[in-house]
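Here subunit A shows up in two complexes: once beside subunit B, once beside subunit C.
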Partner chain A sequence: MSIVTVQLGQCGNQVGQELFSVLISDSLEAQRQCRGEPGRAYRDCSLERFFREHNEASYARAVLVDMEPKVITHAVATAAKSSTWKYEDGSYFCQKQGSGNNWANGFCVHGPRHEEAVSDLIRRQVERCDRLAGILTMMSVAGGTGSGMGTYITQCLRDSYPHSFILNQLTWPYGTGEVIVQNYNSVLTLSHLYQWSDAILVHENDTVHKICAKLMNIKHISFCDVNKIIAHQLGSMLQPADTVGTLGHYTRNPVGELLKNLVCHSEYKLLSLSTIPQMSSSSLAYSSFTWPGLLKHLRQMLVANARMEEGIDWQVRVPLNGQPALERMAEKTKQGFNKSLANVLILRGKDVSGADPEAFLHPGLYSSWLPAGTAFSTWRSPVPFNGYEKSATLVSNSQSLLKPLDNIVGKAWNMFASKAYVHQYTKFGISEEDFLDSFTALEQVISSYRHL
Partner chain B sequence: MTQSIIVQVGQCGNQVGCRFWDLALREHAHINTKGVYDEALSSFFRNAVLIDMEEGVVNEILQGPLRDVFDSTQLVTDVSGSGNNWAVGHKVYGPACRDHVVEKVRRAAEHCDSLQCFFLIHSMGGGTGSGLGTHVLSLLEDEFPEVCRIVTSVYPSAEDDVITSPYNSVLAMRELTEHADCVLPVENQSLVDIINKIQQMAHSGKPSQVIRKESTLISGRGGVGGTEKPFDAMNNIIANLLLNLTSSARFEGSLNMDLNEIAMNLVPFPRLHYLVSSLTPLYTLADVNIPVRRLDQMFTDAFSKDHQLIQADPKHSLYLACALVVRGNVQVSDLRRNIERLKPSLSFVSWNQEGWKTSLCSVPPVGHSHSLLALANNTCVKPTFTELRDRFMKLYRKKAHLHHYLHVGGMEHACFSEAVTSLSSLIEEYDQLESTKSLLWSDAPRLQVAT
Partner chain C sequence: MSLVKTALPIFLQYAIYPEGHPQTTHRPPRDHPRGWRIVNGWECSGSCSARTFRGMSHVTSTSRGRAKKGQTRHVMRPFFPASQGNLACGNAIASSWQRLPSLSAGKNEISLGAWRVACEKTQSMQRERSVKVKEVIESLCKLLCALGVDSVPGAETFRRAKFNKADAVADMWRLLYSVLVKALRWECSCPPPARKPDQDAARARMARTMLFQCGYGAPWLLGVGGRHDVDAVGSRDLLLALGWLLSSGSLLENLLREAARGPEALPDTTAVTASFRVPGAGGSLVDRQRAEEELGEADWEEGLKALLWQHGKLTFLRRSLQAAQEEKARLLHQVLFLARCPTNSQGCSAKSLITSASENKELERLKAEAHVLEKFLEWKDLEGLFWCWMGSVIDAKLADPLRPLPEKAVAPESGDIPFAGGCRQAQVGWRAVYQLGESLQALQAGLRTVRAGPVGNALSWMKRSCDGKDQLVEQADIQKRVQARLCSLKETYTLSASVTRYRPCLLECPNPQRHNPASHVPCEVGQRHGVRAAQLIRELREKEAVLRSELGRLRQGAREELLERAGRLKGTVLIPPVKSGAVVARSHAAGAERGVQNIFGQRRKRTGRNVSGTRRRRQSDRNAQPGSREAAGLAPRASCQKRAGCERSADIPNKRKGPSKGDRRSFAVIAPRNGDGDKHKESQFVSAEPCPASRRCHCDF
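Then we have the complex of A and B:
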């Protein structure tokens, strides 16, 4: 089964291009890394999932959308240069006029205006799949095209493909600002996407930047470095894995399984990703890992809401069961404990069947209304991913995004209270009422996660 | 590729515009020899409309080395000039050549695949640039309402040689407040100070401080034009401002910024759209090694009052928003590091504590390895406007020279009083925001939802 990716705006297109690079290099390496049937099956499954083989070339199953041509041109050229894959001719849609960082412009003007053309392109990609596993959209929330038009396109996809899975990958901007109205754009995007998306997978530039600085030891971090990390994390989630325990048989329905395990309630759709280990390739040669070590760190990363394996607070503990509900909550927030609704652990590499994720089944990790057995699943693949002999990825539906989301809504609300910049949105058709509705919707989400 | 149309009005507007086209061609010729970006050359720069009510300046352009860039379909001229009288420019020439102007602009717009922005260049102190220029501005709003209008206005200094320049400026300001999306005010005095600084550097004679002549902000060397004329140095600075502003729309980078994004991010309230600009570096030292310290120095300089293009000190006033347009080999980590470093010394309005709009363009300007343009929406424009209003009132109270204006059909005392009221209320709005600077602001109470 195949996944169709829709790359929207500058961020979506830049990250998307890195993602496909990682996917193809990993797939082609698979046979070398893991001899025999499992390696071959992995490669075939991965290529089928993300690429279309035609005339001896691999074409990404992707649609590129942007309101100005520079980024798409660059992405297409970079892909073609790699000689292992390319973007299909005629799979991109581009205009000359940008969206001006204005969500209202993207959603109310560009979206409807170009709906037909973009839907056409997506439909063509979908038709080329034997079976559609799901649609992945990639965009940022700070700008105008990715956020505004991306939200509109998601709504159209929901209407056109009511039974397909739609996974939105969002990149949240640096807290200290890339775009001044980023908080408005983020609030409007998230509140609307919540209605139409099946799950929202979030990457924060701040977090990834720290990973680059601390773990990868990059001195002058560029967006390219940030994008590569995001691509690595996404790849580790999307590449073939076995969900039932028979190694070598990779699930044909990755997105569906992911959603089934993680998004059991429509109020809780925010997912975050952590991978371990993450280090520069030069350090990698000198390191070796054990599964118990990796899993112990990853579990504490989950518990203490640390997004990377350096600087984990080992003092934070899982609270004991049996305490009265209210008390339990206060203690948790004091301790900084991160409660999960559901987790999927994906293990890749050598001796993966020997890895024991028992510790992730502790009921204290999860909310009370789902038994730990249902809330937690493990997927495995014997093929090492992207140069890491052993790697573990945790896809988590938990409180880890609560604080960043709260910050964004808080800042946007402050700005809204002064009515700053609101005229820029009203002139394209987003009224103050619409803003209030969005704020209300997100306060509801925040409240739900806080009381998990 | 989005296009913009440059509308140059009056003597000042046309002279600055000329320098702009000259430097732009130089920049693209420089890039082109490396054979990298071809399309940027043809598409962005085809579009200019030159307007003047006396022929001297425009004729000079048409006979000069830039004659191949322009042709007669782009000109609107007349013979007698506006006599430094805003009323003549606005109320007489305005309606008279309106159709002409609309026709030329439409023709230029048709050449564009996708028109994003109008750049209007003019001065405030005279008659044509000020009066006719603002008339053209409202005309552009009527005919092309969705296209952004960015105006570069040269404000008169206190010792301006035109006595009625305060009248002209205040009357024009009202139009700018109502009809422009963004205004970049420039003061001649600041330009002169910058030139002096550069020349001081150039003649300092210290061996480690030898600067590359063609890299200075004021140099037109290497451009199409031949010898340099008197106001050229000052006009080059403004031309560089426009070049840097449009760089992200013309060249690629890791974080692009289009022109409509400037208006979107820097204008929180419709009338408060006056942006203070500063350009660094002023020159490049001949020594090629650029340690990181130099890069940081560039950021620090952008906020110092010596680099601003108007006589203002943004560091000690309140920021509503700030944009940093970076060109050259600068990465996002350098940008963030510098923002972190500079933030504590700047005050931002309470609801926009992280009010930074950033853009990274990978192509640096000619002669530099990197450059920075900072645009600030800052309450430091208040003193400039207050002084302007004071100079206006000095004349108006005595009714000096008023008869020249009132003679013109359509002008009445009301025009004057409305203009000064508009300016006063603008100053008042900036004042109100500034007064929040030292207040401790608590977060607005959030919406409560049922749990």
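Then we have the complex of A and C:
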């Protein structure tokens, strides 16, 4: 029951390193907070999932891949410095020359060239697991190595492990732009991953940035802060939780359970994460929360498609059930109602069995063809997560990513229509036809989500 | 070896007669050139019709003077029952036959060579092992005990039952009862007979009913000859019934599977089935048809989506299950590996690990499983000998003087059998079969009349319309054309002489000496028939060309039809499929076209464009002259690619009225359901974006 993480590119390696830090500190903290059996079970489960115990040291079950050595060296060094965990020697792969933010370079050149070496590293990790619960790949969609090579590696993983769960964690670039061809890279990555991956979990830099600014009160936001937020959210999703209703008994198939509840339909694979509460550690000590309050906020965040509890539009309402008139729907859509396909609510902390997620079972929240009972599930864990006495995480397969996806595809299409930078891709073997295919695939995804 | 093992039930029948039949001991067929024929023993006995014994396949020798002398090829043709309880041994025989090296004319026939080989092997095996029948039966008894069957008698009981001794009857009934109780899955709770003095009798009656329900149809069970009473049954009959049980279906395998099943069950799938509901599913055919009419397209679409969702869920569940199995296997391996080497420190820890209670339990279970499996293996080794012994039992039965039977077999009264339901069910079954047969006949008759109908009508019509001469000419013309078409079809679709001749060519010269399948590579054959092969290839090529042209014609026709239909459907855009093979085509509800325009209008309105773009674009549209293929968006990739980007929108049907070049949606699907786009219709004509693509396009022309 172990998850093998593949960290790809600069972003993936940074986020991955943060994630492992969060996971191990939370696991160790759990034993300190929850004395006795529950804390120990939680810790053991978490460690078995993500770490390999060897000679009284915890080694992350991770493979690091980048075309430049800088980030990997830093990540390995940081992990070793923490003295709680480390990366295994020889579990990383790096080259001297980067991909130059070119997806085609990563996908057509670096990917095939280094496929064997990377596959070997991953296989070594997989063989060390008693049971491969899933493969988590982490990467950005904007860059070259992460997106291009990551896509290629995902494809290879699907070939090598056709019966394993593959979950891709993607970091979407800022809308304002880090790289000029980021939209091209995003379109190509997403359209290809849609074929190979089981689920695509998306973090938008913009929304995470906002969380940093407004909730965490960070003045000068660095990538490190953004990565911490992402790692926190990911950790709250991946840490052990009871999925069936017997507290203290954790599933041995976490990724499978998650995907089984969220992404069974192959046209709908985009997942988004929202966590509540999120605040700086200094103010955390002076706050207290109640489950009804948290769940009410979280539900409204879901309904109004907000990523944080601040500035939620409370005007948005769930459309009344039994009146599916088109006009009404259109009106609601204009008002920003966010329809879900499926949701998983993960509750962690004190008195978790008392929390009542009844409000999430409203049939109006979900599409008409999937009953709310099937579409919604709740996981609980009595162990507080990452210092938060109570916290709730919602993993949602909903329309919330429709708008950013539409934006990205729109921008990319405009560039493509004027053939800007296309030659940079064709020279590595990505033809215009491939571009068109990608656009078509994503339009289909957009259309599917729009008519959920 | 495996061949011999699987074919043993038949071959050993004649190879060894373990007891009491010295006059029919095995002789090589060379010295004994009579036909060995496998027939349904019960048909021979004439005691009962074949269909009552459809579950049985028995082997008897007709060497007692039935076969013609001097027969050169000895044909064995087994009787393979087609019933659901196909014999395990029958299957094995069939497969062994297929594997025989000198397979000659047919699947079910064995030539002399194979027969000899098998017999020799059998003899050698017998010499090596010198197994006694007693051991064979004891292995069966051990296996049954290991499988959890109660009251298994000793081998001696079997022997006595063979000679129809009365003292074996009670034991055999008990054995039959416990085997049946173990094997049958009870749908209702059936209370076992209470502890009474006549417990044995009650059990016997119950076993009898169960046998009947299983489909066993021996005369004594059917009450032929008025012998209803349980006591009147001889022990040999019961032994035969047991043999039938063992041979029909896979009784032992099923018991083994149940015994070996681990404590954990499959994950609960009832939740999946319970939550899933297909619209209109269930109910009779008529109901479903009505539901089809009532359900709209949207309902079906939703049902399909829900179905896909459930399918995905099942896929994930299957993957989880597979992972769990792998994990179990891996952990088991680790435990066993550590337990095997107790000398090192790890072994010690493993030992201490195993001593814990749960591990102990698991170990016990594993040991029991291993024990059962060992017994099963042993039995499988000796099974052939057992069947051969059973054959001798049948022979003994046949050797008995046949009792006179009444002409009509009467089913027992319902009162005589404690569970009359099965009997009645059987009667109902037969009635149903007869009814089915009758209805089939009626249907066939109806079909004939229906077939005759149009022809007769046509004939009468022809007669009536014969007065017009030109009509006659027309008819003749039509007939001629139809005939020509039929002829050409016949020519095209019947195998040519060379093709039909080609296959037997390979089979004409099988090499009986060669047992290695690899050596069957037809090199000589190829040389000998090289000319023919070339000719064949040529013919096939010609045929391929003809078929290809036909295919092209049909494809063209289908495309045209599709286009015509697509033209009629409003707002349908067909897109070339995505690489993964998913077909991306959607039809929209009425008014979707307006929706499409609405989006374009909105987009353009937002960005604010001038008029010239549209005009230029429309001009370019005209220049591009989108052909019928392009119009439906079915343009081949290559042509798309050439004009990628700038001309992409030319592939869109003209009825789109010119979306902006820069709009990526021009080739993809959008179907907004809110159809309030009418007011944008005008603005869309006048406002268009002067996008770089359209400019480029214009320049190109």
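Simple rule for what comes next: the second predicted complex is superposed on the first by the 449 of 452 C-alpha atoms of A that agree within 3 Å, B and C clash if a C-alpha of one lies under 4 Å from a C-alpha of the other, contacts with A are read in each partner's own complex, and residues count from 1 in each chain.
Note that in this section contacts are C-beta pairs under 8 Å (C-beta built on N, C-alpha and C of every residue); 3 or more make two chains touch, one makes a residue touch a chain.
Worth saying up front: this structure is predicted, and the values here are computed from it rather than measured.
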Partner chain(s) touched by A:439 [first = subunit B, second = subunit C, both, neither]: both
Partner chain(s) touched by A:68 [first = subunit B, second = subunit C, both, neither]: first
Which superposed partner A:350 touches (first subunit B, second subunit C, both, neither): neither
Partner chain in contact with A:124 - subunit B first, subunit C second, else both or neither: neither
Touching partner for A:417 - first (subunit B), second (subunit C), both, neither: both
Subunit B versus subunit C as contact partner of A:180, first or second or both or neither: first
Partner chain in contact with A:221 - subunit B first, subunit C second, else both or neither: first
Touching partner for A:101 - first (subunit B), second (subunit C), both, neither: first
Touching partner for A:10 - first (subunit B), second (subunit C), both, neither: first
Residues of subunit A contacting subunit B in one complex and subunit C in the other: 409-410, 413-414, 416-419, 439-440, 443-444, 447, 451
Subunit A partner contacts - residues on subunit B that touch it in the complex: 1-2, 113-114, 116, 252, 254-256, 258, 260-261, 263-270, 320-321, 331-334, 336, 339-340, 343, 350-358, 443-444, 446-449, 451
Subunit A-facing residues of subunit C, complex: 275, 302-303, 305-306, 308-313, 315-317, 319-320, 322-324, 326-327, 330-331, 575-576, 578-580, 582, 584, 586, 637, 640-641, 644-646, 648, 661-665, 667-676, 691-693, 696
For the subunit A and subunit C complex, residues of the former touching the latter: 1, 130-133, 163-165, 195, 252-253, 256-257, 259-260, 263-267, 326-327, 329-330, 367-371, 373-374, 409-410, 413-414, 416-419, 431-433, 435-437, 439-441, 443-444, 447, 450-451
Contacting residues of subunit A [partner subunit B, same complex]: 10, 14, 68-71, 74, 95-98, 100-102, 144, 174-181, 209, 213, 219-224, 226, 409-411, 413-421, 423-424, 439-440, 443-444, 447, 451
